[in-house]
């Protein structure tokens, strides 16, 4: 959603979703509709392709699946949805791919094992995928997709004690898999009548559980009330998907936790411990821009964190200007809070054309020079002869800020100041975010001062790492160990990378 | 763009666009790229289908055309654009259709006449289409599309004096057509090396001319400077399309004016007079929500008009609340101005999921009850225990406001007040806007008081007609007769409807 | 279907079809299914695009239409068919186009006239389209498709006496149109509850009427028995489409005849006379290869005519060979008859790969040299060390015969002789067949002897014009004037071309 | 291709194809074009989906792949082909599927193994897939496609000695796999610079090798001459694909043989022995109708075998009739030979509409009764008052013969006799052919006499099993053990099925 990022910089993570109907079979709930709407609510986490797998949930039940490229609304026709009828199911929406746009990479993956079918939907990236892959190959397994998610699936199947007295023992298998790789994965695993919601021991990617409420008024995504009756359960990367399906946030899946959703309800099987000496490590950029602002992570609404980032930025880098504005849309709460903290009027200066997408412009065209001008209109009367400050959420490659500032100055802004509501990105991510190479990250190539000059900005300031961490952590209840992954900002990775 | 309207109420008008390259043939300009990007800039006026027609512009030159359904970006491939190569061309993007989704209704229309090919792109609806059609049928012309635009085309072809000494005389033909129908039409007509930009005598729909600047810095859509050199000319429904193509607003086409764009430049042929006793009648809802906020109509930016609406609303219907917000996105400037005028904090309370479109939900589904909850998330921490006021741009059928208020109250709002930045819509439009029937317009069925109660709003107020007119007209230079069509609000139509 | 022609030479004509249900409305018949299956039966006449228009058939009934590019089976989905529900309708399938692949050229055309809607499906090409077009343009009609079929439609609408006491008078209008243009057109015209089946005065393209039989055994396309009851009527370019819909051939539409199909039955209104001194002129190539072999034209089955061509060829150009074969598929009856007449064994030597279509081979590829080898396999054991004679139906550009002969010789044929079951094509067609230019017709560029040498044939003979005419006419009952168009063979056109 | 089978009975097998360019890299050959054309030549073996995988052929070279549903010509665009550039590659075309139309089932399959990437294309079905699957699952491998081809791939990867001093040892791995499953598989396996052509020890499905000739005249598919130079090598299910790519049949892959194609040429590694007491078992229905008539199997052209079947049928079941004909198209050689043997004229009586495919006809429609009438026209003048005999290649469910006979009798045939050029099918196939259940096979439900009566045939005779075997085997050189699988006719399976 972040402007500076959308087309040029970081890529979204993926979204996972699952739903199981309560009570006796067959269910009255529209399970496939709920899953598809849940995925629409997670669409901001991936727009490239998606899939849904459902089942009647009994031993020997077949899995029904539908996958495709594009947005949810174009993949699943009414007919597809009706064919997906089932009592439970999981879904996935994906952005970037290892194996390119090959359809065989679209999740959820389904495999047949000695103990029946399982389906897996995965958000994240394994830090030790290399050695895990070698281990599987050495065991004689041929791998067909090149994705980490297939490694997870084969690890679940490979557990040494399978076939022993305790039979399939899926919890044991999941636990065994988790002990071999600390991060990064949030998973929905479907087997027979259960969906296992699993979050890696570091809790690097979000995952939460929601309760499906009866048909009565169930709008809004506020937290759950005690005596609510229940029609089923859902698991989702973010709670923002709950409003559209009549669910309420029940709780987060804890880092390392294996939670089983079945028609008996919600059961927490165990919590796999973090590697020694490591802290929890939810990706801090989920707060900065991956998550939707109305999602609740660790008990706090993302929107509020973004406001605190703006407020903190006002403390760290105040300015004397006439108007504070945003690069729409994800920097808006930070901009409003920044303006409010300094008592400066907030107003809009850029008007986004939401129909601009991949274009058909030839490299040779005169029009290439116009760059982001295709994406934004300037609300010139708001800035004529004014000192303007714009807040953006982050800078990755730095190739949109310069033309934006040019547009504003051409339109009559007297000064243009820039504030970034997060610190400079300097290091690669090995846990699921497709950050450009070090060389492509503008923060590695020039000083902030030079950057300001190149952009044509009258001033440029980032939020400090400490400021960001404070903005994030000050809203979390301090009843357990808190930690966040800030590796892309500091180079301090939450786990040892020398596998 | 207006939320309350997008899926349930008024439909967008259409957009017309044309481009001609300056100087000797063949042009260096990317005419088809410019037209397609121009149409992307008008995409908010119609998303159903679009077409482009280009020509080398000489006597006997063939017209090349490409039309299709969907968004511009999906209709025109790189290959299509390269086949459209030409020195001039016109395009059209369309929302609603007379003849349904039949491809033969996609504009621009091309016809062969005794004097060569012409192409026509039309925004508007003829108030006297009935008698005009009978006249043509009586002349023995078979009509194939059922659209007003075909009537215009055949009227242009039918002119009685064709074939006379003055030959084709296209200006005379256009003038003759305009004398037979006072409104509503903004047209781009291509013939040989010329594009005629035509606006009806009442000026009911907008139309303006832009100048294509050389390759140097040409971002921003500020007004033109005197000594700019020029690479070509464009005509567009709105100036918001100019930024993306490196053009600057040159001037509006005046009501009743016929302007010819050719490689000799811009030539105004004549201004056809309004019917006696009538005033100019630009549709006031272009300001309220059809136009993009960064467009300039009658010399003023639409965004500023919307701010004045909010300010006026604060005067007419102030409130004591804790936070003022918007139903995203087109009501935002009014909301910010309302908040500012009353010194109340402005904040966001609804988070829009831009991926929600036409859905696959069966009528029988439990999920239908959730209605707009699929479209918005609530930023609950911004409203918990607060008195909230939301500004929307208009109410048509009234079927989204009730669930929005429910969502806000469920999320903890203590009070929810509603302000509408335009007056109640009570009358049908016969000039191009597809307003629901009188019975479907909520303002015709209940009193404002009852409406507030039905919505669950703690108070509900509309802007007055006088307030809206003042907000619009106070920003226009008073050097000529000013008037706007407010027929849907008052029932006073700008021309006699008894044809 | 003819091999030598399919990809390189002549193009198919179009197919028209119409159906009306008998008895009281609403009908029990599946009118849109019948039309779509009827069009599948005419698919060999045009594979580029198709359309169907249906109506409830009462005054003021709307027309429902669906058009698209490609084969019938890909254009009309089950849903489309169900939306086309009606009591009568017409359809069209098309090969080549005037206006290119523009969708607005797909027939049937629908226009609104002073007297209601009409739909027109047309097979043919007007010999005097130039002056007719000028006449319409001079009347001030703008023409939008560039096709002859639009001219027909506007001529029908333009009739001078329209609006007179006798009202719409569609028969009079059709008659008036026919008097202005002698050929070439076979039409199905739908208006209210009637379908007019119209054939031009020269009868240049075929058109016939079929009777829909009750549900009982109705397979086969034999001629009608006297006491059959009837469920409705159909009109079709060829009778081969009748078997698949349970219809039987009722009779041909006569040259110049206007037949009205309605729920009252079949009514012949009149027969418009041929221009003085002209003979009937059914295109003789309908017998040679346009028509499907199981169609009945002028009372005789096309297959039998092709056999007579082969028999005649055996008389005119016998050969001493070991095996007679065909270039599949349309020359097969001629080959079998040729073999039979001379007492030489008939056998297959070429095996057609019916999956070869437009290919993806780059011009630079080594594979281009293989030419028709992609299309045929050689049944080498049938020809090894044998003297082989192959019969083909025609030679147009002559670019497939050479590689075929090479293949046969490479595979071991001792000699390869060629017989063509029609005379050399030397002149352009102005009546609907897209024959290459004079220069591209191989018969205009080299002598038959040189051609044989170039092909590598040991002998090459064509059927004589007299032989072809005899083969065609000897099967027709001699109770009225007989004549066929052989203009492409002789240059003697059936009507004066100096318009 | 056989009528009685195409839409109602047996399903085609699959086709595999591979190509490697000779000489130094990079190749001048159009490898992807050759593969796609080769697959077009095998299209009759499967029209549901297809795929191609290519590689530069060096250690570490990536595999490029493209897969899709539909016909080859619609799957591979020119752009796709250009992206597939490589020095070698394999392809696959498929009919029926285990896993339904799921894209993940489209072959060739690609897997990463400890020793690099391999790609596998498979035609056949493993008789012992059940126990093999259990073995793999017990080893902890998760299986994702449900297809036998995945089992083969994982068996290749699983070989116990992998990682030993001799490294990857792909020949050893393939051999080890072959020792675990005797039939049915013909494979093309690509690894680095080699394509392994593998046929199961029983030789149940065909597979042959072809030599790519230089650019000079290379049409026809006759056997190879000694001194031909060579541009590369291909492997194909059938030799009929060679003509279109300029290749000549080099030799069959022997049952049990592993042949390696590389730029060093063709190397036979070994021949894995058949299970004791079993004979070779090429599916005899490859001769009856799977293979294209111009393919050469076991040294003889399929067309000749079909002629011998017809001749044998004339001996076993002669008839006194006026005309002998075929149900087009695959029974034609048998019909011609039958007629010739008895000295009765051969002629055509049915005209096939090749545009009839899956239709849009509703179950409730009157048109359903017309059945095959949609597919065939009757050439009635050839049969009027005649005694007609039609030859078909096989009868599976028996639901097309009855309406065909009805059509012929309705069209005037005095008698209709039926001869089937193969014996009755009575038993299921476990080696790759999707034969209906025993209950659905008409030969299991009624006697031949009753069948004749039900069909309305005046006589009905099948070819005997001995007659078929004689017709097939009498054309093969008797220099090694000969045997064919006739299990579906006799119930005697070539290997023990009790796994």
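For clarity, chains are labelled A, B, C and D in written order, and residue numbers in each chain start from 1.
Methods note: a contact is a pair of C-beta atoms (placed from the backbone, for glycine too) under 8 Å apart; a residue touches a chain by one contact, two chains touch by 3 or more.
Quantities reported herein were computed from a predicted structural model and do not represent experimental measurements.
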| item | value |
| --- | --- |
| Any chain that touches chain D and chain A | none |
| Approximate Å spacing (C-alpha centroids) for the pair chain B, chain D | 61 |
| Approximate Å spacing (C-alpha centroids) for the pair chain C, chain D | 36 |
| Multi-partner residues of chain A (each touching 2 or more other chains) | none |
| Arrangement of touching chains [line / ring / star / complete / other] | ring |
| In the complex, chain D residues that touch chain A | 65, 67, 102-104, 109-114, 118, 134, 137-144, 146, 153-154, 156-159, 162-163 |
| Residues of chain C that touch chain D when the two form their complex | 28-30, 33-34, 36-37, 40-41, 43-44, 47, 71-73, 76-78, 80-82, 215, 217-222, 240, 243-246, 292-294, 300-301, 303-304, 332-333, 336, 340, 345-348, 351, 353-362, 365-367, 369-370, 373-382, 403, 406-408, 410-412 |
